[in-house]
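A, B, C and D label the chains in the order they appear, each numbered from 1.
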Amino acid sequence: MNGTDFEPRIVGFLCNWCTYSAADTAGVSRLEQPPNVDIIRVMCTGRVDPVFVLKAFREGADGVIVSGCHPPGDCHYGEGNYKTFRRMPLLEALLQQYGIEEERFHWGWISGAEAPKWAQLVRDFTEQVRELGPLNWKRELESKED
Amino acid sequence: MKKISIDPITRLEGHGKIDIFLDDEGNVANAYMVIPELRGFEKFAEGRPVEEMPRITPRICGVCPEAHHMASAKACDAVYHVELPPTGKKLRELLYSAFYVADHSLHFYVLAAPDFVLGPDAPPAERNILGIVHKIGVELGSKILRWHALGMEIVGMLGGKTIHPVGALPGGVSKAINEEERAQIEEWGHELVEFGQFSLQLFHDVVLENQGYVDMILSDPFTTPMYYMGLVDENNKVNFYDGKVRVVDPEGNEFVKYAPDEYLDVLSERVEPWTYLKFPYLKEVGWKGLVTGMDSGVYQATPLSRLNAADGMATPQAQEAYEQFYETLGGKPVHNTLATHWARLVELLYSAERIVELATDPQITDPNVRTIPTETPDEGVGIVEAPRGTLTHHYITDEKGIVQKCNLIVGTTNNYAPISISVKKAAQAVIKGGQVSEGLLNRVEMAFRSYDPCMACATHTLPGHMPLEVRIRDAEGNLLDVLQKNME
Amino acid sequence: MTDNGKLKLGLYWAASCGGCEIAIVELREKILDLDAAADILFWPCAMDFKYKDVEAMPDGHMDVVLFNGAIRTSENEEMAHLLRKKSKVLVAFGSCAHEGCIPGLANLYTRQAVFERAYLETPSTENPDGILPQTSYQVPEGEIEIPYFYNTVKTLGQVEDVDYFVPGCPPQAPQIWAVVEAILGGNLPPKGSVVGANEKTVCDECKYNREEKHVKKFYRPHEIIPEDRCLFDQGIICAGPATRGGCGALCTNVGMPCRGCYGPAPNVVDQGAALLSAVASVVDADTEDEAAHIVGEIVDPVGTFYRFGLPASLLHRTKLE
Amino acid sequence: MATLIIDGQEVHAEEGQTILEVARENGIEIPTLCSHPLLEPYGACRLCTVEVIRRGRSKLQTSCTHPAWDGLEVKTRSPAVIEARKTILELMLSRCPNVPVIQDLAREYGVTEPPFPAEDPDEKCILCGLCVRTCHELVKADVLHFAESGVERKVGPPFMEKTRQCIGCGACTIMCPTGAIEILLEDAEVYKEKPLGPTSAIWVPSMQAVPRVPVIDMDACIRFRQNDRTNGEIVDACGACQMLCEADAVNFEQEDEIIELDVGAIVVATGFEMWDPVQLSQYSYGRSPNIITGMEFERLSNAGGITGGEILTAEGKKPERVAIIHCVGSRDHNAHPYCSRICCMYSLKQAHLVRDKTDAEVYEFYMDMRTFGKAYEEFYERIQEEDVTFVRGRGAEVDVLPDGKLRVKGEDADLGRMVHADVDMVVLSTAIEAPHDADQVASLFGLSRSEDGFFAEAHPKLRPVETNTEGVFLAGTAQGPKDVPDTVGHAGAAASMTLALLDKGEVTISPQVAVVDEKLCSACKTCISLCPYTAISFIEEDNVARVNEALCKGCGTCVAACPAGAITARHFTDRQILAQIEGLFRLPAEETEAEAAVEVSVAEAEGVRS
């Protein structure tokens, strides 16, 4: 499958207060963005258990986004995003050891006010993952495990 | 041409199968000891923090995890260029001696003894540890089990777990012992010395008193002269934990004596396409195929070879047993494969005595048991004497101590060639004119069982099984007859 | 049950180190009780019974088969299928069968890489012709077959339907006996349960005192001599909090951190992820840079967090090209 | 209580009063130059001389020093008195021929020419010593003294040299009756009057404020300056305001204090700040005193302002042409993109004020006239009728011309060409913006801020005064630009939300809380330190962690961290979220159109909420 006919499947774990509302606003404001990102809402990125990201890749995601409120201060829960920036770098290292390119995993901050930034991220990240081609962990495992 | 597969070879830790090919007369044309697995520890060790290797490599073998634990820890010491506090070193040897008692007793009573106590032709259903217990009586049986257990208890006390211990790490051990523990160990130590003597007595009564066995031990199929390898201390006495590796030639003269980091100058390994296990041999003598003698680099590393390679035992009672051993079998070196069982019991006694020595060492309760490594890690080799042969761990790390390369030459691997040769000789001796019986095949198994081969170790493999049957085919490969191994 | 009313028991090892077998021997005098209560129909390690006998058995003949070892080769898998057929209750016994164990770390590499290292690269290997083992090879006298070596280590549960799981590397004797008694008493939990382990984690059995965690620096075990309190609190990564109890916290008892052989806690999907999350969460850093620096000191995440469970983890292995 | 007769009138005096004081109380005029109610009488100028008759014996005395004894008879304008004062004034006039005060008095007493030639016609000091006493008694700086004696007598600092002792408070200049003292603005920290700011150290910031309370500028006040200068040695300098205040309202001890209150709800009404036009140099703000902001214009036209409400240029002249520039810093991507919403209307009002108070021409540079409020459009029309010139187009630039006039340039969109106007005064209708410390307030209350920097409401349409933090509400411009009516409405809404909350007496918490399964909790204590609300406590006796559901806000951080899987996030459980992920990939891959994907994630999300 090459770049042209490959549509990346991307899962986004967004915090309810910042990035989820940014994505909401982006939609309401009719900002242009590709349909490749499926959003899963969590109350805070601090809720994003690394297992969610692994599960997404396991099920067949070609890329994963984790995005919440800007630290410091923006977090609705004060320091939920602190836990995120403590966990994600380690998760990133883990994924790379698994052979999953770092370009397939994005984590960062987009406040409720940054709808355009969200739309831009969706556009850029989708292209970035499209470039890499499919990951498709599940199928690869089944076909090549032996 | 006919092919017989003995598979699984039972009562060996780990896994192997024997393919015997018969010529048209039904005599053995060749026999192959096939090791059908590999695990690749040497590969996936790469990228691991080196200090974790003493906790990773024991999974090469759950029978002798302590051997890998120690060899690995010693390799780590070398990687970090760290000197252990004396007590740290003694606690490691104490653990290791206790393990030796447990392991040797395990092998003798669970794997080897059935062939002698019950006889090679006893019904398979009884030819096992439980059978032995039934024969010698539950009371004695549980006594033996207890002795075995004591060894394990000490291992657990010092290493956390009895199987796959964890106490050793670069620079020493994680736990010191207090007076109470020391006293307990000493007490058990004395019991185990008694156990050692008991076992030698048992061997004497059951085997040496039985002319049939003695003949079998001395018989040609079970006699194979070759090079002998073993770890020795500065006085060339048998040592399991530390020292240099000594090799003597088939006539018993020292061939080479090397320090761990020199192993590559002495050893090479041969790859064959029909088995996952490699054949180590003496580089200088060279690989001449599966043959023994002065001109073949094939050597063995077993209790027998350790006794052959050493000038004696470092403890008094074991030294006595050692001398009696050679008296009875007509001087050094001894080439009788089955005598390995006896040699093993001599070592068992030595280990028990060593436990008492160490437990009564004034330093043993010193709390200082670890040195924090400060040097930049690079490369190191660790060697111990595993019950089933000289065990070599060799690591190369980056400056953060992450393993870049790992090489392992493991106990039984050393003996792969000798085992194959013994098996072939035994097969040739017992299989004639295509006449095959279960008892005969069990004798073939006995040929290697004496090596106590641990294929789990040897191949760093995880064993598996294929159907056991003896298929007799004609030259065109048509199936003439199928014999089951345990026909009644 | 056999006519003599004894349980028909089978013990088998696939890709394992043999430690689980020794663990049975570790039952010590209880092994005699086992002998009294059960007829062992199959135990290659210690008894002369053959595959042929198993094949000859009617389906479901054995009441219980304790299967240890992972699935590394075609042969391991064949045995898994056969023993499933011949047993009423198939138990994945020990870490390898349960979740792949340490040899499962081979899933960080491929068959090719393993072969090249073992048979070509290793400095002691003398192999100028680059010979590699062949699943089928013609020796002068005939053909010799050896099993096919898979790319990926699998757990028993991944190739066969398993009734119960007994965790541990190896399972500890008291737990084994508890399971045996449960089997004999016929009071087994629902199918698919983990037996011979606790609901709570290793911390529950650990001797050390624990406090709130604020980790400024992670230490590797050889880097410090820890104080007599929770190792994790002191920055030594310990899998105890993310690992089922039942072992008796033997490793921390001698001052070494847990590495997780008893597998994930009951509600945890992926043990490594759970441990990773906990470890990172207690990092005492309030800026992204500081946090990245502190967790950056952790070497070998996969080998650390999935020491025993890589094949059973969500991703099973590294990416295959 | 004494009774005496002054100029035939019977008056009463308190114990210790002087004749001068009693006379003044009773509206009897006695001239004086050297007396001051805040200072001890001194009798230096002797102009207050009166005839005092006691027991039939008459005597001339200075009324500022003579006690008002019982039974005295005082004549303030008897021939003898007039004669005496005349003599005194002749001498004064001879010393200081050109001091208006003295000239006037002298004329009053018929003295037109000084009898003697003046030594120094510029001499102003009459050596009354009022300044010396002020400097000594009030300021306590003791800079001024009498020096020499006889004809050489004079007043000044020691050796007539500059001294650091002088704090340049200027009190002496204010007190001096003859304007003999002037302050030289060298390096002395003289209190400089701000252009449109306060005029003294104690002043009323806003004359229309209720209550109309004055404040003390501690940097200017003599009392505080002396206190600081001497590190508390002189604590009671000046205090004139206190002495003069009949209500005794002046309290120098008053300070800022922090008061702690336990409250059930908080209304954040931290308001706005004016944007500083210096940031856009094309408006030349600061380069001419006649370029002012709308706020400064308000101050200028305020009846309480320094011009008393008169609209004057810095030169004090009525302007002939005034330009008002809209949207300075608003609707401008170099400053704030948003509309400040109040400028149009206040600009129109200011145009009206200018027209009303002066006959200056007014030019309004505007982009759009946003008169959205009730009756606003009507007001706009009215201003148009007051022949204000409206230029449709942003005022692009203000130049300060050499003659000090101001040139406003801009494009007239209606004419479609550049236009310019030369004016005397430019009023910049500057933007309003979120206070500079809004970020700290935000993190203090857990508020989020919208793109414009103002605090974000919970929902732009449905929850305009609530925030995402329970019990915290927004009022007024803290939430965004508003004019007064909107602010009042918004504040009213916030107040009623607050009351509704308090009235209930209990709070409803969200069901999304974490719960610990105590069968699984193994007391590893990983979670304890993670909770921002300290909702997780460790229960020693049960050896488990427990979540206080009232404190828990449901962020789920502890859930993601719990290595034993013992903590569950209600409505966001692992099972639910993992099921969502699986759900996503149960879809055939090609069906990844937005709709499909969105439907699913929404559906799953619904599943989660229900």
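Assume contacts are C-beta pairs under 8 Å (C-beta built on N, C-alpha and C of every residue); 3 or more make two chains touch, one makes a residue touch a chain.
In this text, all values refer to a predicted model and were calculated from it rather than measured experimentally.
When every chain is reduced to the mean of its C-alpha atoms, the one closest to the centre of the whole protein set is A. Chains joined by the most contact pairs: B-C. Averaged C-alpha coordinates put the centre of chain A at 50 Å from the centre of chain D. Centroid to centroid, with C-alpha atoms defining each point, chain A and chain C lie 33 Å apart. Separation between the centroids of chain B and chain D, computed from CA atoms only, is 93 Å. Multi-chain contact residues of chain D (touching two or more other chains) are listed as 530, 557, 560-561, 574, 578. Annotation for chain C: residues touching 2 or more other chains are 108, 269, 274, 277, 281, 300. The residues of chain A that reach two or more other chains are 49-51, 55, 72, 79, 83, 87, 97, listed in rising order. Under the stated contact rule, the graph of chain-to-chain touches falls outside the line, ring, star and complete shapes. Across the assembly, chains come into contact as A-C, A-D, B-C, C-D.
On the side of chain C, the complex with chain B involves touching residues 13-23, 25-26, 28-29, 31-32, 35, 40, 43-53, 55, 69-70, 72-73, 75-76, 79, 96, 101-103, 105-106, 108-109, 113-115, 117-119, 121-127, 131-134, 137, 139-147, 149, 169-170, 220-225, 250-251, 253-256, 259, 299-300, 303-304, 307.
On the side of chain C, the complex with chain D involves touching residues 199-204, 210-214, 232, 240-242, 245, 264-269, 274-275, 277-278, 281-282. Chain D meets chain C in the complex at residues 517, 519-526, 528-530, 557, 560-566, 574, 578.
Within the complex, the chain A residues that touch chain C are 49-51, 54-55, 57-58, 71-72, 79, 82-83, 85-87, 89-91, 93-94, 97-100, 135, 137, 140-141, 144-146. The residues of chain B lying in touch with chain C in their complex are 1, 3, 7-8, 10-14, 19, 21, 29-30, 32, 34, 36-44, 46-49, 51-52, 55-56, 58-63, 65, 76, 80, 106, 110-111, 124-125, 127-130, 133, 138, 141-142, 145-146, 148-149, 152, 156, 158-164, 166-167, 169-171, 174-175, 263-264, 267-276, 278, 280, 283, 287, 370, 372-373, 394, 400-402, 405, 407, 409, 442, 454, 456, 461-469, 477, 484-486.
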